[in-house]
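Here come two complexes built around chain A, the first alongside chain B, the second alongside chain C.
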Partner chain A sequence: MTAAGTSVPSRPSRLTRRPSLAGWRLLRLELRRSTLLPLLPLLAVLLAFTELRNDLSHPPLWPVRSADLQVQVELIGAIVAGLAAWTAARDGRRHVTDLVTAACWPQWVRQLASWAAVTIWATLFYAACIAVVFLATARQATWGGPIWWLPAVGAAAIVAFSAAGFAFGAFFPGRFTAPLVTVGALFAPQIGVLATQRNQAWGRVSPAVNATVSGTGTFFPFHPGLSIAQIVFLAGVIAAALGVLAWPAAAGGRWLRRAGAMIALAGLVAAGAGMALAGTSRLEAEGVIVPALHTAASDRLITYRSACDNSSAVPVCLHPAFRAQLPGLAAYLDPALSQVAGLPGAPVRVQLSRGTPGDISGINIGSAGGTSSAISRSIGGPTISGSPPVLYLSPSLLLNSSVARISQELGPSVAVTIIQAVIYGRPAPSPAQRAVEAALLKAAGLRLQAVPPGTRLSGNGVPGPEPGSPVSAAANRFAALPAAARHAWLTAHLAALRAGRITLAEIA
Partner chain B sequence: MNVEITDLTRRFGRTVAVAGVNLQTGPGVFGLLGPNGAGKTSLLRMMATVLPPTSGSLRLLDRDPVGYGPRKEIRRRLGYLPQALGYYPGFTVAEFVEYFALLKDMRPAQVPGAVAIAIERVSLGNKARAKLRTLSGGMLRRVGIAQAIVNEPELLLLDEPTAGLDPEQRVQFRALLRDLGNRATVIVSTHLVEDVGAACTEVALMNEGKIVFHGTPDELTVRGEGHGTGDAPLERGYSAVLAQARA
Partner chain C sequence: MTTAATTPSSRPAVPPTRLVRLHLVSRGIPACLLALAGCAVTLRIALHWIPRSGPGARQLPLLLEAAAAAIIGVVTRSPFGEPERATGRWLPVLRLGAAVALTALAFGALAAGSAAAHLDYGYLALLRDLAGMTGIALLAAAVVGGSMAWLGPLAYWALAISRDWTTPWVWPGRPPHDFGAALCAALVFAAGTVVSTVRGARDSVGE
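Then we have the complex of A and B:
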C-alpha cells in the first residue's frame, strides 16, 4: 500500500457529472457479470432438445412457427424469473447491503441496472431463439411471412417475467426465493389457460394462449387484438413490478419514490386494461377476436394463386404455403387417380376446398358465447363434386398434418372415394361394380380384405370380395389385365357398368 | 468539524448499542477503540448513514443526513469499509472498485484512472483482473479499502481495516492512513491498539455504548502509567481506562 505520490482525481462538480454515461458503464459491468450469462449455453442446450426441437418438428408454416415462439416463452420465462429473483437478492446474500447503501446512487437506479442486465441477456437469448426458428422456417416455408405479433408477445412476457421475478427477489431476498419464483413462474401462465378452459375469457391474457387457430395467416388474416391486449397487460406487469421497487424508503428520494408509485399505479391500470380487453375476447372460426380492437375489413379471406403439380395423372393444386407437400401428396394420390383418369366422373383436378373459416379451422361456434364449450371440431375428408368433377381436400388436413400423417390418417379412403365416384352409379352396387372396384383398388396397390357384400368402407379397412367368390374371380381377372387394357375396357363399358347392366361374366 | 455527534443513541430492541455518544472531530486520523460489543460498529454504521439513530443528532461534513439531499451529498464524499466486507465473487478487483466508484457518482471519465490509483495504493495492481473469488482474506480486505478510498473521500470510515492483513501490509496501511488523514477525516474502528498508536492523531475508547476516553494516543498512554495490564504502554492505558470505566 502506498501512502502518496500518485495524484488523485479532483472531486467532480455537479455540473460536469454525466449520469447517463455512468449509468451505461454500470449497466456494462452488470451485463459482463450477469448471473444469466454463464447459464445461457446450458439454457440453449436445454431448449434445443425441448422447445426448439418441438417447434421445428411442426409444419413449416409461418403462423404455426410464430405461435410456437410465443408459447415456448413459458419455459424461458420461468428460468429468467428465477434468475432475476436470484440477482435481486444478491446484495443480501453477499452481505453487500451496507456497502451499496452507503453509496450515493439511489437503490432503485442501481436495482434497475441489475434488472436491465438480466433482461437484456434474456431478451437477446429469446431473439436468438426467434432467429433460429425463423431462419429454419425461411428455408422450409414456401409462402407467407412471420406473424411478428406473436413473438412480440413472447418478448414482452420475457421482460415481464424478469421484472416480476426481480421484484420478488428484492422484497423477499431469501435463499429459496429464486427456486420458488421459478416454479411459480412456470405455473402462473397456466392460470390463464385453466381460466380459458373454464370459459373465463380474461384467461386469454396469459402469454401461454395465442390468438391463432388452424388456418390463421394462411387462409384468413391474423387478428392482432388479443396480442395487443396481452402486450398491454404484460407492459402493466413490468411497470408495476419495477415501480414497486421504488417504494421502500431506502430506494431513493421523495421524488423518485413518487415517480415509482406513479409508474406502479400506471402499470396496474395497464394490466387491468389488458385483462379487461382479453375478457371481451371471443374465439371465432378465424381466430380470437377482441371487439374493441377488431375491424370488419380484416375479415376478408386471403386470396392466393394455387401451386400445382402436373406430374401425376391429374393436376394436384394446393395453397402455395403447402408447395413443399405437393410432390408427396401427388405421389400419394396418383395410384388411384391414374386408374380412372380421363373417364367420365373421374376428377380432373385435385385442390383444396374453399369453405368457410369454420370449415378450414375446424372450429364451429355453437352459441354466441364463443367459448370453448360451445366449439365443435370437425375435419372433413376428401369429396368429389362439380362439373367437371374436382377432388376437394380439406385445408384442415394439410394444416394439421404432414403428408406422411395424412396418408396414415386417411389411409385408403381417398382411393376408395375416387374409384367409387367413377364406378358406382346407383346406391346399391352391383357385383360387377364391386369386382371392378376391387380390381382397380388392387391395381392401385391397396390390400383388400374380405367383407360381407354391400358393406361400405369403414375406418381404414378396404372392403374386398370374399376369396373364391365369383366377384373375387372377376376382380382378379380384371386386375390381371395390363393398365392400358383395363382403361380401354372401362372407357368402352363404363356407362353400362354404372347403370348395372354389366354382369360378372362380361368383365374382361 | 467534519463529524459532530450529539447524544447519539441506537437501540436494537432492549439492547442499547450506542448510548448518548457525543463526539466532534475534524481532519486527521481518529481511532475508535473498544472491546467487542462496545458499540464501535453501530456508531460507524450510523456515521456511514446506513443505520438511522434512535435518538440524538448527527452532522457529517456540515450536513444533516436525515434529509435525502444532504444524505446523498454526504455519501458522495464518504468512504466506508464495513466490518464484514461483502463482495460479488464474479467481479474482478478492478470491476468491483469501478462499480463503487460509479455508485459514488464519480465523473465517468475519471473513474478508470481513479480505480487504477486506488488499486495501486492497496498494492493490488497485479491482481486488478483477478476475480474476487480467487483472492485471499487479506487481499479482499485491501479491495475493500480500495473501494472506500476510490473517490478520495472527505470522510473515511474504516471498520477493522487491518483484520487479515500481514504485518508488512499493516505497516504500509498505516502510512496510507496517515496520508489520507492529511486531507480527510479518517475514523478507524479497531481493537488493535498498535494501529492507533502508529497512525492516529486522536483516539476515543468506547465501552458499553459510551465513550469513556477521548484524547490523543499519548494521553491514553499516560493513563496507563503505573496501572493496567499489557505489553505496550498504549495497551496499558487502554486496559486502565476500561478497568476504570467498568469499576
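Then we have the complex of A and C:
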C-alpha cells in the first residue's frame, strides 16, 4: 500500500470554512474553563463583607454610591489581575506549550481568547456589583440618578487590570506571578493617591481617585473631564498590554506582530495622553476640573424643587435628595421653633442656603489654587435673614451626614440662633432679654450652664445665668409657665422686650 | 545492600543536607527569598512615601505582610504530587521546617525593611499579623492548593481593612499588646503549620 493509495481527498477544514464560528467556540471553551468562574462566589462573599457592605452604609445619594463603585474597583481589579496572570501562565504550568504551539490559531489569538474569557467574567461580576448597589440605592434614594461615568471608569479599570495582569503572567510565568501581580495591582492605584496627596495632579489618573466632592451631582453638576482622562489612560494601558503580547516570535506571523506593535504604541500614546490630561486637572469647589474637557456652561448650580415637612411649627424644606432626613431634622428643630413660631422676627421657614459651590462643598481654594495646602474646609452655621425671616442651613451639613450627625454638628447653635433672632433687639442684651432667652432655651430642652467669668464653657451646653441670680430666678419663673402662656406673653410684650423696656420684675 | 542498612535505627535524626537542598529548590525557595526581599524593599520605600498617620499608614504595610504570607503559602506547592507523598519519609519535617523558617525570615526581612522608619503598631504587631496571615496562607494551601494559597491572606487583608472590627479574630485592627488578638493569630498560625506539616498543600501534578 502506498501513500498515494491512502490519500484522502482534501477538503476545507471547519476553521477555513467558518472562522468566526471556530473563534466563538474557542471563546466559549475559555469561558467555560476560566479559573475566575469557580472563584466568583468566593469573591462575591468577600465583597459582600467588605466593599458592598461599606457602599450600602453610605448615605443613599446617587453621587456617593456612584463614586463608591469606582473606588471599590481596587479590590476586584487586583484579584482579577492576579487571576489573569494565573490564566496567562496556564500552558506552561500544564506543560502543554509545545502542544498548543502546533494549534491552528496563532498564539496571540489564543491568548486574547483566554484574556477575553477572564475579562468577560470579571466585567459581568462588576456589572452585578453595580446592579446590587444601584438597585439598593434606587429603593432608598429620593432624588437624582446614577453618575454613569464613575462606574464606567471602574469597568475600564477592571479590563485594564485584567490586561496588565495577563501580560505579566504571559511574560513572567511562575508560581509567584499571580500573588505578586495582585499585590502590585493593589499598590498601583495608591501611587496615584499618594502623588495627589503630594500635589502631583497626574496622580488623579488613578482609578482610586474620583472627580466628585461633597455636593457633586446634588447641588452642582458632575464634571466628567477627569473620568474621560482616566478612561483614555486605562484604554491605553489595555492596548499596550495586549499589543505587547504579540511581540514574541511565537506569537504569530510578521503582520500580526507588527499589528501588535502598532496597538502597543497606540496604547502608550493614549496612556500618556490620559496622564497628561490628568496632569492639567485641578481641584475646584465643584469638583476636579480638567480645563481641556470643561465647559463653562456646566458650572451652573442644579435647580430643584424643595421637599418640605410641615409637621413642625414652621415648614422645614430641604433638597429632595435629603427627603429621608426631613422628619428627623424637623423633629430636631421643632422644640426651638415652636417657642417663637408666629412672633415677629421668628423664622417662617427653614431651608438650605443657596451659596457658592465652595459654601456647599466646604472646599475653599486659596490663592495658591488647587493644591491641598491651599484648601480649607469649613461648614457654615445656621443663619436667619430675609423678610419674612428664613432660617438657612448650610447644605454642607447634610452631605454625607445622618440626622444624628447633623444634630451633633449643629449642636445648640441653631436653637440659640432662633431664640436670639426673636428676643434680641439691640447689641447689648438687657437682663430681661437674657432671662427670657434662658427660659425659652430651657423650654426647648437645652442644658444651660452657668459660666463664671474667666472660665470656658464645657461640653455641649449653652451659657446660662448664674444660679440664684435675679436673671436666673426670672428665667425659671418664665420657663415654668405653660407654653401657651409664654407664647401669649411674648406676643404681647415682645416689642417692649426687644426695645429693652421690660424689667426682670415685669416678666410673668 | 542489606536489610540492616534500611532499619529504622540506622536512619539519621535529621534529613540529609542534600535532601533539604532539593526540597527547597523544588519549592522555589530561592525565588521566594528574593520575593520576600522585594517585599522588604517595597515596605522601606512605602514607609518613606506614605503619611505617618491615616489609613494608608496601616493598610499598605499590612498589605506587604499579606504579600509575604501569600508567598510562603505559594511555596508549599509540590511539583511532584502523589509520588513524593508516598515516598517522602522526611516530608513532614521538611514542610514544618520550611514554614517556620520562612515565617521567621519574612519577619526578619520586613522588620529590617521598616527599620529607622515609622511602622504603625510596631514590630510586635508585625510579628502577630505576619504569623496569623501565614497561618491563613498555609490553611488555604491545604484547602485550595498551594498555587491559589495567596488568595487567603490577601482576602483576609481586604476583610481586615474594610472596617473597624472588634473581634480578635481580625487581629490587624487590634492594638499590638492585645492578648486576645495575639492568641487568635498564634492559634491560626499553629493550625496552619500543623495542617501543612501533616497534609501538605492540596496540589495536583498538572498545576
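Here is the rule we go by: the second predicted complex is superposed on the first by the 482 of 508 C-alpha atoms of A that agree within 3 Å, B and C clash if a C-alpha of one lies under 4 Å from a C-alpha of the other, contacts with A are read in each partner's own complex, and residues count from 1 in each chain.
Keep this in mind: a residue touches a chain if its C-beta (ideal position, glycine included) is under 8 Å from a C-beta of that chain, and two chains touch if they have at least 3 such contacts.
Treat the numbers as computed from the prediction; the structure is a model and nothing was measured.
S.K.: A:Thr491 in the overlay: touching chain B, chain C, both, or neither? Say first, second, both or neither.
M.R.: A:Thr491 contacts neither chain B nor chain C.
S.K.: Just chain B (first), just chain C (second), both, or neither: which does A:Ser311 touch?
M.R.: neither
S.K.: Please indicate which partner A:Arg94 is in contact with in the superposed arrangement: first for chain B, second for chain C, both, or neither.
M.R.: Both partners, chain B and chain C.
S.K.: Where does A:Leu186 make contact in the superposed view: on chain B (first), on chain C (second), on both, or on neither?
M.R.: second
S.K.: Which of the two, chain B or chain C, is in touch with more residues of chain A?
M.R.: B
S.K.: Where does A:Ala22 make contact in the superposed view: on chain B (first), on chain C (second), on both, or on neither?
M.R.: In the superposition, A:Ala22 touches chain B alone.
S.K.: Just chain B (first), just chain C (second), both, or neither: which does A:Gln197 touch?
M.R.: Second partner only.
S.K.: Which partner does A:Gln408 contact after superposing on A: first (chain B), second (chain C), both, neither?
M.R.: A:Gln408 sits against neither chain B nor chain C.
S.K.: For chain A, give the residues common to its interface with chain B and its interface with chain C.
M.R.: 94
S.K.: Which residues of chain A touch chain C once you look at their complex with the stated criterion?
M.R.: Answer in residue numbers: 39, 42, 46, 49-51, 53-54, 75, 78-79, 82, 86, 93-94, 174-176, 178-180, 182-183, 186-187, 190, 193-194, 197.
S.K.: If we count contacts the way the header does, which residues on chain B are in touch with chain A in the complex?
M.R.: 45, 48-50, 68-69, 72, 75-78, 80, 82, 84-91, 95, 98-100, 102-108, 110-111, 113-114, 117, 120-123, 142, 145, 147, 151-152, 169, 172-173, 175-176, 178-179
S.K.: Applying the document's contact rule, which stretches of chain A touch chain B when the two form their complex?
M.R.: Residue list for chain A touching chain B: 1-4, 6-9, 11-12, 16-19, 21-22, 25-26, 29, 32-33, 35, 90-91, 94-105, 110, 252-254.
S.K.: Under the stated contact criterion, what part of chain C meets chain A in this complex?
M.R.: 28, 31-32, 35, 38, 42, 46, 49-51, 56, 60, 63-64, 66-67, 70-71, 74-75, 77, 146-148, 150-151, 154-155, 158-159, 162-163, 206-207
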